[in-house]
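Chain naming follows the written order as A, B, C and D, and within any one chain the residues start at number 1.
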Amino acid sequence: MPETPKHEGGRPPVQVDNVETVLLTDLTARVQAAHEQGLRFVTATCLDAGDDYELYYHFAHGAALSHLHVRVKKGTPVPSISGIYMCAFLVENEIKELFGVPITDIVIDYKGHLLLTDGGPTTPMLKRQSPTSS
Amino acid sequence: MARRTTIPFGPQHPVLPEPIQLKLTLDNETVVEAIPHIGYVHRGVEKAGERMDFGQNVFLVERICGICSFIHALCYCQGIEKLMDVEVPPRARYLRVIWSELHRMQSHHLWLGLLADAFGYESLFMQFWRNRERLMDIFERTAGSRVIISTCAIGGVRRDISPENLQYILDELVVIQKTLDDAVDVVLNDRTIRARTVGKGVLTAKQALELGAVGPVLRGSGVAVDARTEGFAAYGELGIEPVTEEAGDSYARTKVRARECYQSLDLVRRAIERLPDGDIAVRPRGRPDGRTVSRVEQPRGELFYFMGADGSARLDRLRIRTPTFANVPPLVAMLPGCEMADVPVITLSIDPCISCTER
Amino acid sequence: MGILGKARAKSPWILHFDAGACNGCDIEVIACLTPVYDVERFGMMNIGNPKHADILLVTGTCNLRNARVLKNLYAQMPEPKAVVAIGACALSGGVFHECYNVLGGVEGIIPVDVWVPGCAPKPEAIIEGAVMAVQRMQERASGKVQPSEDESEDEHA
Amino acid sequence: MMLSRVLSNLFSRPATRPFPKTSREPVEGYRGAVEFSQEECVFCGACALRCPANAIEVDRPAKTLKFDLFKCIHCACCAEACKRGCVQLRSAYHPPVYQKPEFEFSGAPVLAAEASPATE
């Protein structure tokens, strides 16, 4: 992870335990492996990191959590994992809608109308708003 | 001859106090497909969490859901405490358990009442809600508000419960348990209710895990997952055994919630008995830095927060995954194959909280 | 005031719509129906059909999607009608007033007669608000107050 | 079983609180009506800074305080922030209103020599 401690002398920033950074090309295979191990899909988190998106996929095995971390350039299509974990369709639609991540092949694609309505804001969760949004 | 029709269920439906729409495709009277349409309650709390400072966010996340407000605040505060390396005093941890468990009881009472109302059992609904009012009075007296109690803060709790009020809670719990005994007996043993819930909306353990179900939906399918067993707040010291039922139908989920009411009663009593003396809060120093996840158990299931901070007064990212959000896919899987008339009860059986789902 | 007006004042029927509240105000509205507060003592009944309702209780912030539903419900209610906005969210947006998907309070969508402040208001305050709405409705029926704003433009919304 | 319940309900007190006739004693510590004491206020703005809903606006140079009851979420942050104790939450609730109340007060302009900040 790229973060470095910002204030010298202080304690280093807390990090999420049990994170594994993977390449986008490996993502589907890794999620498939998690599915075969019988992990429960908890949710996905998207972060807007300037030119990139950071995606976390959270899994649970009993009480323990593990996470997959992917960093992608904005505009790069991200394959959907809803073909493996059907329950990911809601969160993927949400990320697609609120952050504008181009997630492809979601099993139930709401096409940007899960939470937002026409005439309302578009991709409101981005840090810097694009000029087209209201 | 089979005829396909599409029926919108909601957004304004008497069973649900909140707006959600299910587009049901029916084959005669049997549901073939159900697609949820949400977005009626979406506010944008996650973005607001990045705009307000991390101390004010406690009051924001409490207002995600008015039914389990304390537990939202608890999850948020525990995450921030992890980021700031704050040690919460023991008394505060026990007080947090007391309020969380009272909230859980309150929420289950509310749900059991709504279930009774969905069958047309108005008197039973009244019984549960009358009992619930006793819990609301406890909140009013101990926390200063009925619904959104705002007692959780970063580093501890904002209010102490006086010994007289602790005794008052114990006295009230006796009455609450007595009424609960009567009412739960009807819910679990009445012929009509059994006929409408047993075998309806079945979810096997494998399906439940695969679809990411949480809380009573998962435990009703026989999977013993309860975030409280991780021992946050004072649960580690008090000890807790997840309540599970095997059948995975609406009846099993009802039974899990009814049994959890008793579990909460027991936990509150034990927490009051073992409540240590001392401070109720420490003053947090510095600012949160780093990334963390925080999990607690809500009445509806596991609540999951992801927090990212960069050492400033504002959070970089606040991600909230609420239990109903995770329970919608199981609902979508449960509905196909059931009768149209069972849709309200099955929908209710996941205890939907739409304001949580959409934030 | 004719016999109709008297009957209406004795038993106002209530429609409750959640326009994106946190549930806190909603459960307090339902709590008014419970034995402890028992709003049916005043003849008030909570019903699901806007065409039978006299008073509309609105809780919560509005967004674009539910504003359309809210306008429809309001347009379907017969005159004279009154609207009660409950809780900080319905009054101004409350803690959410700067969120991206919040239009603010109910006021911008439909005209409001009675405001019940609080987060969440006590059931006593909600009952009081509903009683005040009945008074306002009677005044309107007897022509003392201007009828609620013309909503003809919203009829087909 | 049922008969005993019928009899006990018949002879027990009603659960209903006869609300408008006898209003309930407000509970001590209830976070109800927000009250400002105008005399004590030094317009330091601590309450406005802490308010999660931005319901309080303080203009320090002009010495005015504006409170928007409709935005207030009754969290009592202002009362905690105020070091002089001039914001209090009374245990009674705000009654419903027909119109939005305007709440605003201003202090007398103080001479520059006296304007030592008492609380920051």
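Definition applied: a residue touches a chain if its C-beta (ideal position, glycine included) is under 8 Å from a C-beta of that chain, and two chains touch if they have at least 3 such contacts.
Since the model is a prediction, treat every value here as computed from it, not as a measurement.
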Between C-D and B-D, the pair with more C-beta contacts: C-D
Computed distance of Cα centres, subunit D from subunit B, in Å: 29
Centre-of-Cα separation between subunit B and subunit A, whole angstrom: 25
Whole-Å gap separating subunit A and subunit C, where each centre is the average of the chain's CA atoms: 40
Junction residues of subunit C - those touching two or more other chains: 35-36, 63, 65, 94-95, 98, 100-101, 119, 122
Overlap residues in subunit B, where contacts from two or more other chains coincide: 39, 42, 44, 47, 59-60, 63, 130, 133, 145, 148
Two or more partner chains touched - positions in subunit A: 115-117, 124
Pairs of chains satisfying the touch condition: A-B, A-C, B-C, B-D, C-D
In the complex, subunit C residues that touch subunit B: 16-28, 30-31, 33-36, 48, 60-61, 63, 65-66, 69, 73, 94-96, 98-102, 119-120, 122
Complex contact set, residues of subunit D against subunit C: 14-17, 19-20, 23-24, 52-54, 68-75, 93-100
Subunit C residues within the subunit A interface of the complex: 63-65, 100-101
Partner subunit C, residues of subunit B touching it in the complex: 11-14, 17-19, 39-45, 47-48, 51, 59-60, 63-67, 69, 110, 126, 129-130, 132-133, 136, 145-148, 353, 355
In the complex, subunit D residues that touch subunit B: 5, 15, 27, 29-31, 50, 52-53, 73-77, 80
